[in-house]
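Paired with subunit B in one complex and with subunit C in the other, subunit A is shared by the two complexes that follow.
So, the complex of A and B:
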């Protein structure tokens, strides 16, 4: 059953790529408008040295990891604090409610004003893209802990910081984990956009630059690359979550 | 009673204190006005934007109107395509298995990375923006339509079969109403994606729309306009989402009741 499913998926992918290949080669016949998959890969590998390609991927990955690490840790810490201590919740609420609905991409111009065109502005925008979903799910996770868990712990004389660290935070973990994955996906989309608009390196820049040079095949290759890197990174994140949080929770 | 009062007073007080500190720091010259224009300046800018407009006299309302037009065009197109295709894919297991990797991949492709393709295919005008919004909305809507069909309670379908209903009737009378709540919430999520994409799409090749307003203002060193524009996009998105949630609750009241019971 599992094998049959994978096999069907494989056939679907081959069919899709095959149809695209045929349509591009015999329908459009113009790789400047609709490159076939094989043409895209060939063109990219022939024009770009492998080392440069690795550099583009590496710089994008570094940006996303830096922004995600900052946004996730700030989101988890503040979200837990807001879910546990009422004053924190009350004070942070107006700021979060005003800033959260602003799409992360709308921060790009102001990030450039604040941090210039270099790395910090991109990392800041990814930070924001990650922070809000993580914060929201951490707060929700803390709020939806079953009260009897907390009461049971209190009867066993667990209180204060220990109650928070040993009981409440683990109980909120599944929600936090979901938030982390949503935050990563959002951060990745934001990264590509930030690189399109203002960057000299990175996968988003690769895609945009190729268009200006009229090499659409390389753009298509870059888009493949972006999808692949995001898919792999998301699966790694999911696996890491299953290894850690999954020990005491089922997903 | 006291705690209810605190619930309102503390957040408002915190916000007021923050704005007052900001204003004071700007007046004292600690903050550079080009990076952090004071709140009073933002308020004046908001009024100017609403009546005089920027750039070339395009007011805030026109920008907002154009942005919502683009989002709706892309969103409606995507939903119209994705719902029938998704319902079909969801009800045919083989088709679902064959398309699953493609759907996962296309969802992982950051929508805005398609910008170069969109420009080549549709030019820098409206077409490219609607295409990008459509792409972002389509995959969200498509996968939630597939899930909507797959998650219909099989007992309902079996019950209909025992009552001798044919496949067409089952689809129309059982599967469609049972998947409607998930379709609606999928459409709402897709609209949220549209909001996300439009801001990026408008940053290139246009001077109309909220996304271009904030980008254009930056090139003129008008940080105040950028900030007011950002707040408007946020407020605007919030209003639309709120309205949609209300419409959803009104259209499928049975779902809201079910969720309340589960909690």
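So, the complex of A and C:
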């Protein structure tokens, strides 16, 4: 992105925060209900020790990465298998189609029963958020490989597992990469909900706990923080995709 | 001259296709190093015929022999160039060619050398590290030709390889192909919609008619290459082929 375009985006952010700030400062709303952004940040930094803050971010990131790693591996592996082997598709498709529209949050009660109140239940919910978009994109990627690519490979005596590993999977990589990015975003999206499950730490916990204590400023700060961390993480993922698949595919 | 390809009584019906056969009992013998062009309107079965010869598709009846042996599947003895989109987009030009060479058992170092040689042959030295999306349509087809040659096939099957190119590039590619063919003699079966393309390239032109797919006209062209479109023999042949194609139902 050009510098001028980035700058334009920055104007939008500054404008939005500025208006909010003014609205809150001039008593347009009760600060206990709608604190100004500057008050929110100041309040959070004054109340929460820096190390605790880092801990909140780190534990959330760890849960997301664990849930994402599991969901992405399962989604990619199963999606590729379903996109390539017809029996796998016939068996897994209806099953996935039934579960896919269910919001990951609906699983929280079941997750607690299955996995308890510790880390596994939170990771499970993020796993669900990640798995389905990754699975769907991988399957679609495999199904939409240009037939000439597979034919050309067969004229080179490439078939069987080699055809799958050396030709079909690389050909489906752009769709798989897109699925990973969508899956990561959705996994992050269910984080706050996952951390409602009796979490003692984490960014989602920070938001909820502050609200219960009536420190709405800290909740607002927590939401900013989640957005910011997500933005940075997503940028890293996008950059990794650009460096690999992006070298030969225009997204 | 020995027969490179023998096609006998070749018929094809697709399973879920109720119409008349796509190919009905086609016979054709192609000599070694002969350049044969198949011409015909869209849907007359040219690609189907080529795919069966390549071993990518099974015939409903009849037989194809390459060098006397029945074709049972695709294999490195038969190189194929597709209309477009068949290069591996995740590999550079050079790696696309290496991939083919390695699959016919060339050691990776020798494959790299072969790739450079073939890139030079098709006039692409200097573009070896480009990915397909960074190459023009004409350059992509040069890589596709080089890749097919990397299999060192005895026969080269080409399915409208220049069909997606503009006329200027297309004419240049025809000259290029003839130059390459002069250096590495192959038996070529070349499918096209363009009558002129057939006349400029072929030792023999076969005109196909649809449903059932069959040959309705066969003309040998013994003129030396490069040929000029103004050549009276070619002009007369053009009229004859056009009349034949237009006369179809």
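One rule holds for everything that comes next: the second predicted complex is superposed on the first by the 242 of 251 C-alpha atoms of A that agree within 3 Å, B and C clash if a C-alpha of one lies under 4 Å from a C-alpha of the other, contacts with A are read in each partner's own complex, and residues count from 1 in each chain.
Simple rule for what comes next: a contact is a pair of C-beta atoms (placed from the backbone, for glycine too) under 8 Å apart; a residue touches a chain by one contact, two chains touch by 3 or more.
Please read all numbers here as calculations on a predicted model, not as lab measurements.
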State whether A:226 touches subunit B only (first), subunit C only (second), both chains, or neither. first
Between subunit B and subunit C, whom does A:171 touch in the aligned arrangement: first, second, both, or neither? second
Just subunit B (first), just subunit C (second), both, or neither: which does A:16 touch? first
With both structures fitted on chain A, tell me whether subunit B or subunit C touches more of subunit A's residues. B
Tell me, which parts of subunit B touch subunit A in their complex? 6-7, 10-12, 14-15, 18, 34-35, 94, 97-102, 104-106, 108-117, 119-121, 195-196, 199-200, 203-204, 211, 214-215, 217-218, 223, 226-227, 229-231, 233-235, 237-238, 241
Which stretch or stretches of subunit A touch subunit C in the complex? 146, 148-149, 151-152, 154-158, 166-167, 170-171, 173, 245, 247-250
Which residues, counting only subunit C, touch subunit A once they are in their complex? 51, 54, 56, 74-76, 78-80, 82-91, 99-100, 103-104, 131-133, 147-148, 151
Enumerate the contact residues on subunit A facing subunit B in the complex. 4-5, 8-13, 15-16, 32-33, 87, 90-91, 93-95, 98-110, 112-114, 186, 188-189, 191-193, 196-197, 203-204, 207-208, 210-211, 216, 219-220, 222-223, 226-228, 230-231, 234
